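Presented below are the structures under discussion, each in the form of structure tokens.
What follows is chain A paired twice: with chain B in the first complex and chain C in the second.
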Partner chain A sequence: MTSTFGCPHCGKGNPIDALFCAFCGTRLQDVETSLREQQDQQGGEAADEDLPEDAPILPPRPARRLRGHATRPSPPQERKIDDPPDPEPGSSGLHRPPLRADTSFSKPPSSTEDPVRSAAPTPTDRADLSIPSSSEVPNDVDPAELAAWLERFPQPNPLSTPMLSDETRRQLRQLFVSEVPLAEILPHEARSDGGGLQRRTWIYWLLLAVLGFALLFGDEAPETLPHVWPGVGGAYAAINTLPTGSTVLIDWAYDPATAGEMDQVARPVIEHLIAQNADLIVISQLPLGPASARRLIAAAETSVWGEITAQRLDATLVEGGFLPGGAATLPLLGQAPALGLPVDLQGRSAEIRPPLQTLTEDGPALALVISAQFEPVQRWLEQVQPLNQTPTLAITSAAAAPPLRPYLDSGQLAGLVSGYNGGIGYRQLLLRPLARAEQIPLWRQIRGHNSALIVLLIVLVIGNLALSLERRSL
Partner chain B sequence: MTPFSSPLPPFWDHLGVVVGFLLSLAIFSFILRDTWLVRLAQYLLVGVSLGYAAVIAWQSVLWLRLFRPLLDAARPTFPPTMDALWLYWAPLGLGLILWLAGIDALRGSIAGRPSPLRRGLRLLAILPMGILAGVAVGVGIAGAIQGTLLPQFLRGADLGLPAGPPGFLIMGMLTLLITTGALIHLQVGKVAAVEWKLPNFLLSILNGWRWIGERALWLAAGFLFAQLFTSRITLLIARLEYFLFDLRASELWIWLSARVGGGP
Partner chain C sequence: MFSTHAQWINRLGLVIIFVVAALIIASRFHLLPGLQPVATILYTWVLLLAAFALLLGIASVAWVHLGHIQGGEAEWGLSLILLIGLLGVFAIGILSPVGANSPLIEWVFDALIAPGQASLFALTGFFVVAAAYRYLRVDRPDAIWILVGALLALLIQTPLSQQLLPPIFTGLTDWLLVWPVMAALRGALLGGALAVLIVGLRLLARGGNPRP
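Here is the complex of A and B:
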């Protein structure tokens, strides 16, 4: 695996020997390297116009005192630190002495190492940001020559990269490009330097305690219902206006891992479709999707009709099964459904299953994408909907809704039902009374959410207070 | 009993409840410490998912849509019909080549020059891989243009001019301002006078524009976090409901309670 480091401008990772950032184009090679090389090649006549356009502009002035670091020693000519002359482009008034072979400053750069970083003196452990002081210079170096040679270095610009050791640079690069693996951060270990999320375990236990209390004592109807985002009404209207016996194509894009939320969102919509006597054709691009669909549809059928039979299910449901291939196979459903769905899960073709035949000849009357992520919905809107122009509804988790709002706004989605609140809002529109045994879990969800939001607010307020106090103490 | 009920004896349902309960506890123990229990549960999840996916891939795809149609042909014709060639024989052939090349790659490299057979196999495997990659990229690009870029751009550029409602125009201008501000912030960053030789008032406008975009990004990130929090809390509440209520309503719990409570 190639070593990488982060670009100082955009932070993206680049190979260790890259000259330019592959993402933003910033020149990664140290500008001082080019300055030194050009000065060496041209005998001290480095021109500003030779520098790349994106190189930081470094005013060539003597060192300033930076946070107590030692300043650069004055040359024998007794130049004052505060009135540095700006050298003319293309020429400098100073004679640049050749580097002495017996000093670390004159170490010739090899072809495999950075000339400046290998030739520059290694700063002390305190990460000195200024030019090294005279005490760090070997004794056999002529101070006059050293001062003249140091004059060639431009002053540190606040915007430029500070001079750090190779090891510090490498550590900083690794820090910028590495992602913190959350699984590796053990919850019981709190950082002693004050950084990071401390008291994480306390927050977890507080949340669990509050939720447990809300669930155990939350069997009463809540005073208010949760807010319902736009899109639920459009989804209800699209299904409510379906003629009896319409063919509805469903992309079931969630599996048991997210069933805890998705079942609450999808079930009222499926119940509505069943009540409208729609013919459902269910496909899934997840291996565990068909099983999730089967389980929920059976529960919805029982809820609507009280008791289901094999004949009724056969009449209303076509299980298309697992459709592999991702986005590459979706256009088949739009252009040639007969090829994309030649048989159902039991091996029966369109000649035996009328819904499949309708799908092939006329296309679906409505399309649903039931997904815990936004990517399956986006893929459907990109690959299938432009081909058959079928009205499409998205039934998603709360986390997937924000990236899909623009599609609802542009009219590509006819409706969007998201999150547990979307499921509750949709159920309100159904006007079908629920048994108390079915109502209680919804009430618990509402109370649990309200309690969790209170905990989140408390954590945010305390965290901001702590941060403010910490900043003041600094 | 429904057509969707499990054909397995009830004992397996009870065992499933117990296993689910134990695995949920193992995952929850991550709050205390990252132990071998958490890893075991995670590895089990991955392994079982992969195994199930392999079975589904054979049952729903390979057998149902490839091998069974080939075997069900009353009289195999030679040469095969064009439909059979494109729909069954070509995918079978390409899939076999890719599969064999994959197995060969899993065997690892052999010191020295590989045999002509292995070299030929790896060269042949370029064809199905190329088809896979080419189709995926082509479909992806075409879909992104026709399904996202074009419709979203047209919607964003629709300011309701000349006779649209004022609110429409204001929303459109605001969208344009925030979108471009976010773009400036992400691509340019803070503009310094020493870098860009622009008049001060232009620099102020540019930095102000960037400031708006940066704040809009933070606002969007906060909104995304809030929705993600809602989603995950819903999952957590569903799992807690399982522990606190659904488990107690299961036959296994009732049986255990009766035994522990000294019942029959």
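Here is the complex of A and C:
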């Protein structure tokens, strides 16, 4: 085991030959060098004769590095140079060679073993910490160099530093040591790219290789489908019972960033609504939401009716556009939809668009919130649903589903379709398979997702193995 | 939000906030008759303010980046590209007879915006895996619970494991999701809502000063 000693500033253990403290950055070499130079300049025994009898003596070179400073140096007749003093209670057991009491200028500011104590010196230590006057400084020491060296260390200010008990200081140091490590590895062990399991690039390459393999060779249907969480059946039943020509208000709260998953979730639901001949009124509080909605709805129309024309899409879809203001403007959709959606994206008012007129007079028959996060759904349930009491469905990503379970359980949500697995489960209820050309990308996505999950499991196992190896190496 | 110099501005702002909040609450809970039209007017004002704020934000972005270009600051070329894109798409939308449904704007969305956003978001997957390697470890008691929950959810989600594991694991995960997880989240949602309410009331009571 490598010999270690404590940093005079923070108290953390460092190898005996370390140049800097690995945790606070204090330059350690200067402490010993300055003391050695001081000792050499004073001429060894001649300097010893000039010093007070109770002055501690530094160990000879290459003795242990200076660490802390004893507040109560033992009498010279009881002390030997090479014998380490007994460790004080509460210390870490590291050797702390005694110091010269009058050479406080050559010591780091902490005159005791406890670096926390150094910030708040006791009255008995203040004499040790005080900067010596010019008469006390040996003539052969450059005062400018001395002052420059002293400036490296923080000077304790008894007036501003609170006096803490030993127990409090110990707890504080333990707190900082255990919870907020300043450095994780020692400098001489640090490598630019890490070593072995410490390398992170292998994770990225492994994930990239697995995803690439799944995307390139995942044209076959998977053997099993992913598990479907509860809530899909309620959403299917709510849409299946809609009368033909019902007005459905949709809050499109995702954009192309999350379209990779959300398109898989939302498409079967939109197809079901189109098959029910529902009139869709789409608004979004994201700037790119309306464009994302238009594309998915056009693709769903093509899937349901085989081909799509602009007239048919225009008859089915009312684009309300972007609604700014966040949660503050949502109540308009529940309280006064005519003010929230006065015209569609093409500038046509409710007089021309019957769905808008129905929305204004009777309110929507069903509300959908399609979001990658749970906050838009929560805002809708808080701001809109209490005003119009419309049944609401949530179409969300897998990550947003757990916080919405309480709303599903309480009945505020009539159904919840979450994750691409929820989309697959919903499509199974629809009994409307995708065309072959559209199934292949879905299969690739399923295989890629499954492969990524397996990689994540492998990474978790390897990470914990690395933890056990790190502990053994320490 | 609150001025540190003129007290009367702070007071005026607090009065406005308090009056508006009282009107909205009274309208929502039907405490006083005839308040719904007042609340509707307030919502429309918010809508107008939000739209104006959006335009102001766009103008501010353009102004800042124009300053970068004029000052020749670092990466002024990126600012120039941003301004060109901003003005170009705006001009296309204004000049096109179909507005935002212009084929050119749709091409910009399909070819540039959508793939770019999707690519940037896809990078988070790599960071999530690297973070899982580093932090989902059993060296602390709380991390063990997180790791167990994450492993259980991942195993259930992976179709391959469904072939290998007995169905009881799927039932166990469903039970965990429906009962203990939902109970915890219900408490978290309620606690969060109460915390927001209390903090808001305290802020109003202290005259906008968050500190006692």
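Everything below uses one rule, namely that the second predicted complex is superposed on the first by the 274 of 474 C-alpha atoms of A that agree within 3 Å, B and C clash if a C-alpha of one lies under 4 Å from a C-alpha of the other, contacts with A are read in each partner's own complex, and residues count from 1 in each chain.
We take it that a residue touches a chain if its C-beta (ideal position, glycine included) is under 8 Å from a C-beta of that chain, and two chains touch if they have at least 3 such contacts.
Since this is a predicted model, take the numbers as computed values, not measurements.
Novice: Would you check which partner chain A:441 touches, where first means chain B only, second means chain C only, and both and neither mean what they say?
Specialist: first
Novice: Go through the superposed model and pick first if A:298 touches only chain B, second if only chain C, both, or neither.
Specialist: It touches chain B, and chain C stays clear.
Novice: Contact-wise, after the overlay, does A:288 reach chain B, chain C, both or neither (first, second, both, neither)?
Specialist: After superposing on A, A:288 lies in contact with both chain B and chain C.
Novice: After the superposition on A, what does A:225 contact: first (chain B), second (chain C), both or neither?
Specialist: Second partner only, chain C.
Novice: One more residue to check, A:9. First (chain B), second (chain C), both or neither?
Specialist: Once the two structures are laid over each other on A, A:9 reaches chain B alone.
Novice: A:19 in the overlay: touching chain B, chain C, both, or neither? Say first, second, both or neither.
Specialist: So A:19 meets neither chain B nor chain C here.
Novice: In the overlay, answer first, second, both or neither for which of chain B and chain C A:260 touches.
Specialist: both
Novice: Who wins on chain A residues touched, chain B or chain C?
Specialist: B
Novice: Based on the superposed arrangement, let me know which partner A:431 touches: chain B (first), chain C (second), both, or neither?
Specialist: It touches nothing on chain B or chain C.
Novice: Touch check for A:456: first (chain B), second (chain C), both, or neither?
Specialist: both
Novice: So which positions on chain A get touched by both chain B and chain C?
Specialist: In the superposed arrangement, which is not itself an observed complex, chain A uses residues 204, 207-208, 258, 260, 288, 290, 295, 324, 326, 328, 331, 339, 345, 378, 386, 398, 402, 406, 409, 421, 452, 456 for both chain B and chain C.
Novice: Sort out for me which residues of chain A touch chain C in the complex.
Specialist: Residues 200, 203-204, 207-208, 222-227, 229-230, 255-260, 288, 290-292, 295, 323-326, 328-329, 331-332, 335-336, 339-340, 345-346, 378, 386, 398, 402-403, 405-406, 409, 421, 446, 450, 452-457, 459-460, 462-464, 466-467 of chain A touch chain C in their complex.
Novice: Taking the touch rule as given, give the residues of chain C at its contact with chain A in the complex, in rising order.
Specialist: Those residues of chain C that touch chain A are 28, 36, 39-40, 43-44, 46-47, 49-51, 53-54, 99-101, 106, 109-110, 113-115, 117-118, 120-122, 125-126, 129-130, 132-134, 136-139, 147, 150-151, 154-160, 162-163, 170, 173-174, 177-178, 181-182, 185-186, 188-189.
Novice: Under the definition above, what is the set of chain B residues touching chain A in their complex?
Specialist: So the residues of chain B in touch with chain A come to 2-4, 30-34, 49, 52-53, 56-57, 60-61, 64-65, 68, 87, 132, 135-136, 139-140, 143-144, 146-148, 151-152, 154-155, 187, 189, 192, 194-195, 220, 223-224, 227-241, 244-245.
Novice: Which residues, counting only chain A, touch chain B once they are in their complex?
Specialist: For this pair, the touching residues of chain A are 9, 24, 56-57, 159, 183-184, 186-188, 201, 204-205, 207-208, 211-212, 215-216, 258, 260-261, 264, 287-288, 290, 294-295, 297-298, 301-302, 308-310, 313, 321-322, 324, 326-328, 330-331, 339, 342-343, 345, 347, 378-379, 381-383, 385-386, 397-402, 406-407, 409-412, 419-421, 441, 444-445, 448-449, 452, 456.
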